[in-house]
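In what follows, subunit A forms one complex with subunit B and a second complex with subunit C.
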Partner chain A sequence: MRAFSTSARAAGKTAVSIVPPVHHTVKFRKSQLMDKYASLQIPRSSVTSPKYRPQRTCQDRVREHHINTVESDMMLITYAHNQQVLVGNKPRPRKGDSPYQLYQPQRVPYGGTQATKDIKVRSWRNVPMLEAITINCFVKPATMNHDLAAAAKVMLQQITGEKPTSVYARTNVPSWTLRPGMPMGAKIKLTGQPMNQFLTTLTEIVLPRSKTFTGVSNSTGDQNGNITFSLTADDIRHFPEIEGNLELWPQTFAIDLCFHTSAQVDPEARTLLSAYGLPFVGKERYPARW
Partner chain B sequence: MMNWKQGLRAFQAVVRPHISAAQPTLVRAKRTTKLAPGASRVINMVSVISARKKQPRRLKMCKEDQVRHQMIMAAWKLHLRDEKAERTNKLKAQYEKITEACDELQKLDPALYEAATAREKGKRFSPEMRIPTDTPPRQPWQFDWSPPDK
Partner chain C sequence: MPPRPLRAGILLSRNPIVTKEPSAFVKAFYHYQDELERRLMWTFPWYFYFKRGTLSQRKFDSLQKGPMPRHKGVYYPEGIPDVKHNRERRSKQVVNLPSQSGDGEGDKIIPQSRTTQADEKKDVRSLERKLDSTLYLVINNKEWRLPSFEVSEEATSLHEAAEAGLRELGGSNINTWTVSSTPAAVIKGEVPEFVIKSHILHGQFTPKDFDFAWLTKEEIKEKVKPEYFSSVEALL
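Right after this comes the complex of A and B.
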């Protein structure tokens, strides 16, 4: 006996009819077919959609550099012959020989409490590339003066050209007069052309003129190919957008930068970032498996 | 969500006194006096993060232009797809050649193979390498330059 797609599951049958004529393979509400919702059916890629954004509107130096030079070099640098998948430390299941173990959690992985990722075979499909840059600006004095958080937001907008989002306090620390929900700064995740634009501004204009910056520490990294460092409030003043309007900026704020790469281990992420002009200093440590 | 007046107030918190003094009181009617140059700059900056208009204006195109646009975008997508395929094929060919060369070397000379495939630690691109640009400086390369001794 045939059933409707919505009632089939309750009747203990498959939700989708597999006997032709096959219909109701996609669930929808009838209200979605109303005329007033027609504009919502327009895909984002169509010019008639209000969400339409033109892509690739200008030349992207960093992207071209990556494709022409960095990509094939990185493939050769990260190449390892006869590679095998290096399985990470995973939670260990219980043996199950006791009924008490039925609802117990799995045992923690060997060598720590956190599971680690597998390292997959490197090939032409997963050559490391820069995926995103996250900029986080946390302003401590914003507990006293809430407007500083908004000023930090405008500062991020000025140096990146993209719209940042506010960050709010999550904890309650009475001695710092910190309460949950206080606006404490701003953050932004840059991808694509704005990211590359920011990267070139950083490595060609800001960092060479910084008085304190000597290089990104070789010890930074979260073991998954993400490299983090910070810029001081004085370094921010070298961004051309701020420098051109210095009289408007008696106060700038320090920022934390996180470079998200698709490298599987940190040393490869550092190699990749060095191709974009970021200097690295200090002693480098290597993971046990890479 | 912050509107531009709140943003302006935020700016007054950090701007220097002589700038904040230059900002007029905000009136609803049409402005008769000119804004101070500093104040108008602040308003410009702050208006970018304000939530005054959430949805951007839709592009108005006649039917003919829409069809034309679709046609161009379809062709452009095909071009991008071909470009990507070409790039991937090139990388794949390089990868296969690397593998082939390593296999061959392993058979010919195991010692050389060990040396060639050893993991190189602390590998960096040259710090003198620059991202190519269409507008290089007047003196693009300093041939006499040598790194300072440490």
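Right after this comes the complex of A and C.
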């Protein structure tokens, strides 16, 4: 049953054992072990790594605001007396009294197919904070004009100051002239100082001047404390980097933003983001358990 | 049996408006990191911002001081130049941009001082003092302390009692935001005092018949009695 060798896949077997102890195969090319690539093994946080980039280059207003004000406020807001750990819906293990159950998956949780996380007791250890902002720019007309995907990538680079990665189509839809491997746009995950810089620009310059933005909908959220909304192509024109030379930008592209927070439920994530100056509209939605 | 008497205190704070003045060490650290980042930056893509053959490109070009070229057989006392794409790779790239305002003076961004007029006058009643730290409202009603009010039997909640009491004392020309209806602390005593946390957003606190001050934690320590300070120290 077990097959650890790399020829297992060619033999039509699974490459990884699924019976514990599981030995995952780590793929590498032999050339990566050459002496001249040794410096690439150094973690990029080390100054000796060729990928090293300084993280703290100036004072961070947003970080100071978080430490001075938001952290203690969030702790007080989320506090509740006699908190207990709310155990989420978990997959139910099989009894194991039949040998046929050995390789069967666990039964789905009660009341749904998805397992849900436990909600832990709020304390000073897990005060919600903003961890990352993901920006995704998907350009539909890029199926006809591949240059648009490159333009979207440059646009993200301009408004964030960081290097984005391209996104490619994965499906084949002949009626949309969509084929796998087509460049369709770009995405980027911001953390730390660039994230805070982007957040400041967004809340202080872009959103107040937008003609269509009324606020982030209260119905957004993925139940794990991640809040998503989008900016239109016209809103992008208010970023100072784009506005500074508009003649370079005959076309801008709409973006989707995802704010990743460490909040355990969405209302707490919304409270946190409103402390950073993001307005919310609509009726507040509370989850069934929080 | 009559209900136990309670007091509702209010910890009214003005949040910092500007960043803290960095210490000499922190300044040196940021300077080093910033220079290092500039050293590691990609070469400035001037062709993206200044179209080839235009007047703006010519203006930009005239302002640039090119790198020292490398020639064979020449002794360079400051090290052999390492030039790629018209950039000296051993040091940061200095890009001189054409002036937007004409004379070049309007381009400079000069930040205002962290110290204000209120700081110079030592006006502790002003909300515009100590912009880089949190200020808390303390009042001198017989002794210096945080404002606190008796909770009447009709009161429905502590935070409403605290906010109403604050307006009774200092007038209604104040806009505050209660952080939570949960008290931030309880100061034990003959009559327990529940402290409600609140931020001032706008307006002024203007009491009629006693003194008040907006103070930082260190200033409060000097002003109030030591035993009272030890009871509220963890809050500030």
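What we mean here is this: the second predicted complex is superposed on the first by the 232 of 290 C-alpha atoms of A that agree within 3 Å, B and C clash if a C-alpha of one lies under 4 Å from a C-alpha of the other, contacts with A are read in each partner's own complex, and residues count from 1 in each chain.
Criterion: a residue touches a chain if its C-beta (ideal position, glycine included) is under 8 Å from a C-beta of that chain, and two chains touch if they have at least 3 such contacts.
Quick caveat: nothing in here was measured; it's all calculated off a predicted structure.
After superposition onto subunit A, partners subunit B and subunit C are found to clash with each other. When the two complexes are overlaid on their common chain A, residue A:73 makes contact with subunit B and with subunit C alike. When the two structures are aligned on the shared chain, A:219 is found in touch with neither subunit B nor subunit C. When subunit A is checked against subunit B and against subunit C, the one touching more of its residues turns out to be B.
Of the two partner chains, subunit B is the only one touched by A:151; subunit C is not. When the two complexes are overlaid on their common chain A, residue A:245 makes contact with subunit B and with subunit C alike. Applying the stated contact rule after C-alpha superposition, one finds that A:83 touches neither subunit B nor subunit C. In the overlay built on the shared chain, the residue A:58 is in contact with subunit C alone; subunit B does not reach it.
In the superposition on chain A, contact is made by A:267 with subunit B only, not with subunit C.
Residues 52, 59, 61, 64-65, 68, 73, 76-77, 79-80, 245, 248 of subunit A contact both subunit B in one complex and subunit C in the other.
Contact residues on subunit B toward subunit A in their complex (touch as defined above): 2, 6-7, 9-16, 19, 38, 41-42, 45-46, 48-49, 55-56, 58-59, 61, 66, 69-70, 73, 87-88, 90-92, 94-95, 98-99, 102-103, 106, 117, 119-125, 127, 129-134. Taken in their complex, subunit A has these residues touching subunit C: 52-59, 61, 64-65, 68-69, 73, 76-77, 79-80, 245, 248.
On the subunit A side of its complex with subunit B, the touching residues are 45-50, 52, 59, 61-62, 64-65, 67-68, 70-73, 75-77, 79-81, 123-124, 127, 145, 147-151, 153-154, 157-158, 163-164, 166, 200, 203-204, 245, 247-251, 267, 270-271, 274-277, 279-280, 284, 286, 290. Interface residues of subunit C, counted against subunit A in their complex, comprise 15-16, 19-20, 22, 29-30, 33-34, 36-37, 40, 48-49, 134, 179-180, 182, 184, 197, 199.
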